[in-house]
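Working notes for the structure below.
Chain IDs A, B, C, D and E follow the sequence of writing; residue 1 opens each chain.
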Amino acid sequence: MEIDRADGRQPNQLRPLSCSHNFLNRAHGSARWSHGDTTVIAAVYGPKSGKKTNENPKKASVEVVWKPNTGHIGRDEKEYEIVVKRTLESICLLTVNPSTTVSVILQVVDDDGGLLPCAINAACAALVDAGIPLKHLAVSICCGLTESGFVVLDPTKSEEQSLQAFTYLVFPNSFRSVLPGSPLSVEIGPFENGIITSTTHGVMSVENYLFCIERGRSASAALSEFLRKSLTKWNESNS
Amino acid sequence: MVGLSAGEKHFIKGGIDQDLRSDGRKRLTYRPISIETGVIPQANGSARLRMGDTDVIATVKAEIGKPSHLHPNRGKVAIFVDCSAIASPVFEGRGGEELSTELSVALQRCLLGGKSGAGAGIDLLSLNVMEGKICWDLYIEGLVINADGNLLDALGAAIKAALSNTGIPKVNVAAEFSAEEQPEVDISDEDFLRFDTSSVPVIITLTKVGKHYIVDATSEEESHMSSAISVSINSRGQICGLTKRGGAGVDPSVVLDMISVAKHVSEHFIMKLDSEISAAEADEAGS
Amino acid sequence: MDHRISLKKETEYISPEGLRLDGRLPSEMRQISAEIGVVPNADGSAAFEMGNTKVIAAVYGPRKVQNWGQQINDQALVRCEYRMANFSTGDRVRRPKGDRRTTEISLVIRQTMEACIMTQQMPRTQIDIYVQVLQADGGTRSACINAATLALAAAGIPMRDLVTSCSAGYLNGTPLLDLNYVEDSAGGPDVTLGILPTLDRVTLLQADSKLTMDAFESVMQLATEGCMAVAGYIRRVLREHTKQLELRRGV
Amino acid sequence: MGSLVHYCSALVAAAGSIAAAVAALCLKKNFLLHSSLFFGHFGHENFKEVKQTTPLKSSPLHSLCPALLGSHTKTERNRETEMSSKSSSTTTMTTTYSPSPTVKNRQPIIKDVDWARPDKRGFHQCRPAYLNTGTVNAASGSAYVEFGSTKVIVSVFGPRESKKASMYSDIGRLNCNVSYTTFATHFRGQGTENKEISSMLHKALEGAIILESFPKTTVDVFALVLESGGSDLPVVISCASLALADAGIMMYDLVTSVSVSCLGSNLIIDPITEEETYQDGSLMITFMPSRREVTQLTLTGEWSTPRIHEAMQLCMDACCKLGEIMRSCLKDAAASSES
Amino acid sequence: MGSTDGIQADIASEIEVDAFRRLFPLRFYERHLSESVRPDARPLNKARDTSVALGAVSSADGSALVKIGHTTMLAAIKVEVMTPSLDSPDEGCLGIEFNMPPICSPSVRPGQTAELAPVISKQLSDSILSSGMINLKELSLISGKAAWMLYLDVYCLDADGALFDAALLAAVAALSHLRIPVVSVNDDGRVVAMAGEHVEGKSVREPINREKRKLTFSCIPFSLTCILHQKYILADPTAEEELIMETLVTVVLDLSGRLVSLYKLGGNLAYNSTVQDCVALTRRRVKELHQILNEAVSDMEVD
């Protein structure tokens, strides 16, 4: 039943997480997040007056700029930008300060698999750091499916190549907000069980996908635990 | 480009109706033309032409190239025009591009003839060095220094002057080479081939103001033209290209009439231009 | 083009007789000539030649600020666009607008001119300086700045002083004044200097590749002399120009 | 007059299909219709043959200036890659070529009097035309026009707010943009805007549109050439004016456009790409039929005045007929929308 | 008389409805949803009628025109020859692009690429390549020397929602219409098309591939996009619906019912049950689409 991983992790064991806040003094909020060797720096500016193009009188808009560690921004990066943008838009309280823009710059430092989840986590932490009003936090994770049908969490790049399929999932973290109109009002299953964002690569059976979600969800608890801890720690250090 | 009050407009219009334009010209007379050849030493041929306040530079650069397999025995010619920002602030940055492309296209249409190369003002066959292998690529660049109307005619004339100023180096092709790869060439620095420009057409732009046509319109006059037609005519009186400018529609018969007028004007213009060019060549040789 | 390359190979830029490739002395400047009012459309314009380097500068303004957002309330907005003609260099290249080099030089010229224009006297206006290079044979920056100065003066824009510029380099252990293309592309040190001659201030100093301090001193000295010489010439040209204007006025 | 016959049949096709294809399927219908109706003239199989025996070297993008081609397309490609890294990494790296037969085996086109056109048309006979309006639902007006294998879609948006800080103008603005699909031409293109054709389109239309009727606003005319089979620009122009009419933009008159090529001693109307490649001269006219006014006129190659006269007559006749067809197409569209 | 009054009354009421729709779009929709019907008279889980026309572009080697409601996609393939990469000497290549030209929607301006375009083209190539629909080995001509490069370009001619579904269908249809031309190698090692008659001067070797052949597909992916709004699931949304209710889920399944991609970007939360419902809907849709495609292909075979 056991499958051995290159770095000797358990199938459902994450790589060591680390997160540091507010180390860019120019940015309104910033965070550096890493899963193992994958590291992303996120900087948040705003809310600032929206540009003509993306200004919206009813809502604030989020713009995401993706900076790859090497080379030019390509089609994949463009896609990442949109994915992150949509994800953040769904956790931000956009109605609080309408017709403004929150811009999030994501600088990839090192990519060793699970880049997108790392970026989303970093962005989320940075938003908190910048004090952008949020409905709730989000934590993101990569679940891989091996040829033999096992689920491995947070695979490295080398693992990703060998996998049959893998999926990036974003879950709401597990503390509740009681805001009118927030998804809470939908009375299907408990709040944490929802997924905010899902992208998949490679073919798998539907059952396996649901299985991935299952594992991802359980892991997300741990992730959000870590996130909350690091946030509170940082708060204390500030006050 | 030029903001004119209703009064000024009316004045100019009235003048044209009475065949006495604001600068004292008749409808079909040109402003004084002055040509200066060889202004850009780096180019194979160059000329600076002033027509009133309109001031343009044309240069010709020749490079060894490979003929297109559609026309293996012909050289290639490309014409680019650049409207420098010094001519007018509106040309700043990308501002000039629209006009530049318009002029480039019009010039290509007027000088390069049909796709098969028939009726080309510039004899492409003379640019052939070795059939299917080597030919000369001519890069003709126009630069607008100061714009005071009638740019197309000025550029056309400047290019004609630049071409007659152009010397294309003699090329000796290495005797032996295989079927596939390009043969060796050496370009001699001393002896040049002069370029025959007798067949290069001139461009006559007739601007329609009211029910009259005027040649060599200044930018004031252009600013309220209803439409204009640029005809390129070679020394044999053949039409080598035509472009209509300005959106307003005109009656077909008017078009034909304008063409015939242009034809009539061209005869004088060609003579004048040739003499100017030869004069310029002379004092370039002199200096 | 190719003969230049062949020269580039050998490093001999000073003949034993102490003459440079184009027969100049190390401290000799190329033939300079200037003409005012070459662009009738412009409020002020000038052509400036240093040897084979030939540029035209045109000044439009002070005029209404075109882009409302850029308006400055306590001083004039100075803008500059530098453009090279496709035929200006030996090899024919269609260079895209606003490539790095172009923007850099535009910036240099703008800052240099802005420093000497009395911008606060013309608040909420805009002054456009357009520089067009017809031929590039080294020292384009200097030529552009000199041309721009003349054009500004011709446009009657109040200035603290005339900016004049000249470049100098250091090859084969001798400081050289006013490098041409071949010497410039030799990769040796190259100092471009811009000064306000009467106020005796330096407004522009650009140097690339390293240079010992004392060598720099001498090069700097040479460049300064060059600038002074240019300044003298520019003044003469301007005086000549104003005389012409007087005559036309029939004063 | 052969062309008339053709046009009528085309008209029938148009009317029939519009009636049938009120709802969703109009585009599909017209393709099926087209291939079934004009199979004899211009079925896809026939075209394939044409395609294989001759290298259609010229799309208007490239034809105008062979020397320009090299540098130009290169810059285009660069811009593409910057904008949105075109074509996945593998494709950008590898250089590909299309396996067209070698140039040797093309028979030179005959120019004497008894020479038949590749598509068996008479010299003064236009290609079968198919017109249809309201093709693009998202646009405020649109048209799809098909001349033989030249297929063009034009959408018109607006009048809408003039974008960015364009200064106040008491008359409306017209903004034209023509682009090709990558597969429009025989050799795979870059699918970028064609500046020249765009500006030509603008100049052809501005004279016909009553710009005073929409001050301070902009009308955008966007054209996409799905397939380029020769005389693209005239087709684009006619299609654009049809789209403008569909959008209810005020015009003095419909703008129709036809071009003739001159091969040797022959004047041939509405040339296909192959013919354009070998033409000695060409004349394109854009014409307002009921006002009998020329809005645009371009001419290349060497012409004598009487010949110009002849060519213009030829074009204008064709333009008038085309005008009638466009009108009836609009009428039918209106009728079908009412019922 | 009375009749005309009636008509006027109708018009009046219509205007009212229109105004309401513009002013309170969300409420307008929710009113409909509560009646479990959509403004265009569709039941919630019903896709718009769909049509596929093959061979729309004669200048391409394979092409298809797809309409889902108003959404129109034109996909065309051009085959070119390339030298395969060293690590995969006997594999061809497939480059997929999705374009939104300015004609397709008022929001797209010339010069700048639409926000969605890169995302969709990425999704497209992911879905088609990862589903293993086409076997790249099939595209090999001479191992290590030459292989086919397929340029698949999808153009959106009319954007009215569910762009990805239409694009995928168009891409798949174009691929199934594609005929690989007959080619041979000439003396200079270049691959040339067999123009039927012999090329004089050059001795043509026998063709590498016998006759114009189709590609064989192991499995074909189809997709369905759904809107999640409160407890409702709306299949195949229009542009208006996408604008008003932004939670979208795109499910891509292949014929054997395996999940090729499940794509959800932000929006409200999706729960297992909802996901499963979407998958179920997609299963139904896949059958429909497959049938439509087959019909189109068989039509093609006929003529």
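We adopt the following convention: a residue touches a chain if its C-beta (ideal position, glycine included) is under 8 Å from a C-beta of that chain, and two chains touch if they have at least 3 such contacts.
The chain list, named the UniProt way, goes like this: A = Exosome complex exonuclease RRP46 homolog; B = Ribosomal RNA-processing protein 42; E = Ribosomal RNA-processing protein 43.
Note that the coordinates shown come from a computational prediction; the quantities given were computed from them, not determined experimentally.
Among the remaining chains, those touching subunit A as well as subunit D are E. Among the other chains, C has the CA centre that is most remote from the centre of subunit E.
Comparing chain pairs A-E and D-E by the number of C-beta pairs in contact, the larger count belongs to D-E. Among the chains in view, D has its Cα centre nearest the centre of the complete protein Cα set. Here the spacing of subunit C and subunit E, counted between their Cα centres, is 58 Å.
For the pair subunit C and subunit D, the distance between mean C-alpha positions equals 50 Å.
Each chain gets a centre from the mean of its Cα atoms; for subunit B and subunit E, those two points are 50 Å apart.
Counting only residues that touch two or more partner chains, subunit C has 94.
Multi-chain contact residues of subunit B (touching two or more other chains) are listed as 80, 139.
For subunit E, residues that reach two or more other chains under the stated contact definition are 118. Across the complex, subunit D meets subunit B through its residues 57-58, 63-68, 103, 195-196, 199, 203-208, 252, 262, 276-282, 288, 291-305, 308-309, 312, 316.
For subunit A in complex with subunit E, the residues that touch the partner chain are 75-76, 78-79, 82-83, 85-91, 165, 167, 172, 183, 186, 188-189, 191, 193-206, 208-210, 213.
The part of subunit C that touches subunit B in the complex is made up of residues 38-42, 45, 52, 56-58, 60, 66, 81, 83, 85-90, 92, 94, 97-98, 128, 130-132, 134-135. The residues of subunit B lying in touch with subunit C in their complex are 39-43, 46, 53, 55, 57, 59, 61, 63, 80, 82, 84-89, 92-94, 139, 141, 143, 145-148. Contact residues of subunit D toward subunit E in the complex are 24-25, 27-28, 31-32, 35-36, 44, 47-49, 51-53, 83-84, 86-88, 90-91, 93-102, 104-105, 135-140, 142, 149, 151, 153-155, 157, 160, 163, 177, 179, 181-186, 188, 191, 193, 220, 222-224, 226-229.
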